[in-house]
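The following pair of complexes shares a single chain, chain A, combined with chain B in the former and chain C in the latter.
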Partner chain A sequence: MTLPVELRHDETFVLNLGPQHPATHGVLRVKLTMDGEYIVKAEPVLGYVHRMHEKLAEAGNFAQFMPNTARMDYLHALAFNQGYALVVEKAAGIEVPERAEYIRVITVELNRIASHLLWWAAFLLDLGGFTPLLYAFDDREQILDLLERITGSRLTYCYMRFGGVYNDIDDEFITGTRDFIKRLRSRMPSLYHDLVTHNIILIKRIKDIGFITAEQCRKYGATGPVARGSGIDYDVRKNEPFSIYPELDFDIPVYNECDSMARYMVRMDEIEQSLRIIEQALDKLPDGPVQAKVPKLLKPEEGYYYSAVETARGSLGHRLICDGGKTPYRLKLRSPTFSNLSLFGEVAEGMLLADALAFMGSLDLVIPEIDR
Partner chain B sequence: MNRIEKTQVALAALFPEGENEPETVTPVEGDEAEEAVQTGQRQPGVQPTPYEKHGSHLDVLCENEQVVDIAGVLDKEGFFLETISGVDWLKQEQLEVVYDYTRYDHELCRVTVRTFISRTDPELPTISSVIPGANWHERETFDFYGVNFSGHPDLTRILLPEDADFHPLLKDYMP
Partner chain C sequence: METSIWRPILYLVGIMAFAGLNAAYLGWCERKGAGRIQRRPGPKEVGFAGLLQPLADGIKLMTKQLMVPQGVDGIIFRVAPVIAMIPAITSMVVIPFSGNIQARAMELSVLLIFALASLGMMAVLLGGWASGNKYAIISSARAVSQNLAYEIPMLLTVISIVMISGSMNLRDIAIDQQGGFWHWNIFRFENGHFLYMWIGFIIFFICSLAETNRAPFDMAEAESELVAGYMTEYGSMGFGLFMMGEYLNIVVGACLTATLFLGGWDCPFGLTPGVWWFLLKIYVLIFTVIWVRWTYPRTQIYRLLNLSWKILIPFSLVNVLVTAALIKVF
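Entry: the complex of A and B
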């Protein structure tokens, strides 16, 4: 029989969380120094799904990198499509037809809802609730079906092209999307809010837990729902308007509580705002081409270019440097969760292990996007 | 004075006149500014860039040691660090490090800070003492380009395996 290890009261031990742990959603490893149940030091270890997409970008022409963009954030892949298309269009001076811009926004927002639904399901699974997952996946499935008909894939989309999108949307998609808006709106209050948001078990687990100050957000460059849960009114769609977002009427939910509950509420409200955006875009959808005439092989002018979009997790930036050739000389991706996760160590200090896992879930991590 | 001009004045204070070109304070628009950005062969200083074309309002070319002071000024002005990107200019035998800053603000201002370092002995002071978020971005630049950020608290591999002995984003790297 082995005797239990006895720790001195001032002694700490190292706990290895991951890289194969269900709560880390993929392959993130966190080296925790523990004092009993309390975290003394938390050190995320990255790189388990690193694929060096930035080197791959330098190996082919501009169009050849488009499929790679969806392999980073596989939950909001269309925003990565859009971000890359925007920076190359900026560099090459390509105009996008209006109808294509509308279709981009409709599909990106649908994809954003799908991403938030999956986050919601997985987050509650982390906290021990299994049923919500079934509801969320039911709704998410409707979106994936709609997008599959138009884009040809369910997760790793390669739908955007420089100067447009590759496939026009049809009446079936439009009616399907309108039906989905109606369906989700009718399900949100009862299935999502009554069952979960107002649930005392959830509130006890995430309210006043995982406190991130606005100053911490700024020091670590946090964006997206993480920043908006800390009272920072920052959304690239409003602060640095791109595409047709300025023509649409929608709000940016901001909560001042700075805790995990605030981040939860930001995402739930964002689902409703995305529904509003889609509805308006469908109403205003103009006729016309969905693809501009663009040379097969692009050779943008030499120079430095930066462009940002808002993904479900925050500001995604592309830093593109061209040397006048047909391949990107340097393409750097500023992925939102890389910065968002970097504050984890500081915030998790002194937290209970179980709370830290709930806090980690509220950051909405997508590991392939961090590791690139 | 709008946000861009205010930032420009704050940053220009780090580049005393006389040594550098004096015209940086007046906004340069169009071809002249663009040409300067593209060639990268200009004197250190702050220069406005056409946002529509390049996605950045101010382009700051600086000496290596100045990155810390610039980070301090921008931090005081309420900026946050978006990212740090390395670039390998193999033909010029130089590495370039590009820092992107912006603010949580509806009055948009994006600042690009660039500095060139030697390719054989790439070394830069760390800005992580000013901006803790730079810690991981600097580790990544070290990982991919081998840039040695002096004073960094934990300059180790971040995305590549801990025992890797190569820097894959260098243009002459062969797997």
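Entry: the complex of A and C
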């Protein structure tokens, strides 16, 4: 991107964006070296909500860590549930009943839609549009109500169990979900796209702003919609299939524009794809148990285990090291937002403050997941 | 009546009451309007339909301590909110609410209002500068460049009106448009002005949005970028006065638009003209302002300046030329 002005590196000032700032959506601090309204250097400072979740995993047995997973990415908590359940199941060699796999996928995809809706609302808020927030929350509320019925909580779920799920879904949930799919499909074109996506001010704000090349994505390990907005066709659900995703028919939206608009469109298309996944999973839903027989206390064999799932923000990896005891020897998470944020400093250089914040919004940051 | 001491006193009380009521209740209207647009009820707990909400807010703001942070230019910091209010209230002196409700029918009233509007910008500049906060200073710098950029097309549009009416007196301009909507400056059937005057109206309306720092041009208080802009360090009534000043600027802008383009107190279809038509017009305009704010996202500071320098100023210059040519021809 060519700058309209020559940046001066001698007359700068430091602007502390955060840790308390409306645009950082959490306690992220970005140390900005500014020349007027242009950013000369951007340096994210992390660790304000570090709660040592990974260390906590070593303190209890395997099951006791499950509630912690939801407290990292609170917007797509069920994917974190699933990722952790997958790695422990791999370690302990537990077979998951088919119905439970279907229920996992249905709930995770519902949660993904809720996460994208909230991102959409917060992104528009960053751009100064307040009203879309309420419309998105209206739809998100329907999902939360559905999930609350079967999981018992609305935000920090602890729904998955090793070898299944905590609770079976009922007919009311199924009809409710089908109604929701119909409702969101009817609202997407008129409310979300006509009112917001095609708005000239929005297009001017995010089109051709915040270029991330595919090269940069690889360099920093960016995944999820950020990478897919830069033309990298990578989704854990397709590339390293897990659960029942190979049996379902869905597309991975990829855009080659590399700008904020591309990332916006990837997420909007993913909502539609998630609806498709849920629809098919509901159609194919088999009968059977939702929980396998699992010993009370797990003692997996010694070894290294890894699982990857696709959260709303990208690829989430769980690396589990077992020493044959009843607690994990070491659990390491590879969280998507950490890598996605890492490229902020390089890309934001030379941007205007307002553009940089719009760009930051398009990365979809969830700070507790970065700090853990 | 002209020489009576009661006239200035009555107008003083009347204008202060009008300004105070508007400053307080436009906040309520804004919140209620925003609520309805967002499919929620808005304020409803304090009094019937939340009508006492402005009172509660006022009491809350007034009973709070005016915090003056360290490292702040104390005098200017305290004076700036007052400066935000003064020009807005003073402008109302020359606004013709109806044929016989106007405090002073000055010859150069259009000029006076624009001079005062520029003064209002000083409040933002001083408040932001005195705060000693980086966000506040960026916000002030934005506000000044924005206001300067938008005053030019606004004044150019007004010049074409002044040429048509042949007066800079708001009262004369309004009287010139009496007799139904086809006489209003925005439509003006005589002399072919109707061909382009609506463009002038749109330019003027956009400029008045930008001049009053309203969305989508609220660069100075872009809360997701600059926290609260120039008001970041202000609390209690300092903040309250800035807010009230903002609403009063909207009222003055709407009054000016109604007088210059929509025939002032004239009835659109030949019924008895009167102050109620004027009020109806300004509140429709104010509602539009609120509606726009809660519908559109914010634009960008350099796009905002581009809009003014590259689109609005050339258009308004052509507007002035065409007006002059048409007046010469007919």
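Here is the rule we use: the second predicted complex is superposed on the first by the 362 of 372 C-alpha atoms of A that agree within 3 Å, B and C clash if a C-alpha of one lies under 4 Å from a C-alpha of the other, contacts with A are read in each partner's own complex, and residues count from 1 in each chain.
Note that contacts are C-beta pairs under 8 Å (C-beta built on N, C-alpha and C of every residue); 3 or more make two chains touch, one makes a residue touch a chain.
Keep in mind that what you see is a predicted model, and the values were worked out from it rather than measured.
Undergrad: In the superposed model on chain A, is it clash or fit for chain B and chain C?
TA: They fit: once the shared chain is superposed, the two partners occupy separate space.
Undergrad: So, does A:G47 touch the first partner chain B, the second partner chain C, both, or neither?
TA: It touches chain B, and chain C stays clear.
Undergrad: In the superposed arrangement, does chain B or chain C reach more residues of chain A?
TA: Touched residues of chain A are more numerous for B.
Undergrad: For A:G128 in the superposed arrangement: first (chain B), second (chain C), both or neither?
TA: Once the two structures are laid over each other on A, A:G128 reaches chain C alone.
Undergrad: I'd like to know which partner A:E302 touches here: chain B for first, chain C for second, both or neither.
TA: So A:E302 only meets chain B here.
Undergrad: Which partner does A:F65 reach: the first (chain B), the second (chain C), both, or neither?
TA: A:F65 sits against neither chain B nor chain C.
Undergrad: Quick check: superposed on A, how many Å separate the nearest Cα atoms of chain B and chain C?
TA: In this superposition, no C-alpha atom of chain B lies closer than 25 Å to one of chain C.
Undergrad: Under the stated contact criterion, what part of chain A meets chain B in this complex?
TA: So the residues of chain A touching chain B come out as 46-47, 50, 52, 54-55, 87, 90, 217-221, 227, 232-234, 238-240, 301-308, 315, 317, 319, 321, 329-330, 332, 334, 338-339, 342-343, 346, 371-372.
Undergrad: Spell out the residues on chain A that touch chain C in their complex, using ranges where they run on.
TA: 4, 13, 15, 21-23, 37, 124-131, 133-135, 138, 196, 199, 201-202, 204-205, 352-355, 357
Undergrad: Inside the complex, what are the residues of chain B that reach chain A?
TA: 34, 37-38, 53-56, 59, 78, 80-83, 85, 87-88, 98, 100, 104-106, 108, 110, 112, 131-133, 135-136, 144, 157-161, 168-169
Undergrad: Provide the residue numbers of chain C that touch chain A in the complex, in ascending order.
TA: Result: residues 34, 37-40, 134-135, 138, 215-216, 218, 222-225, 227, 294-303 of chain C touch chain A.
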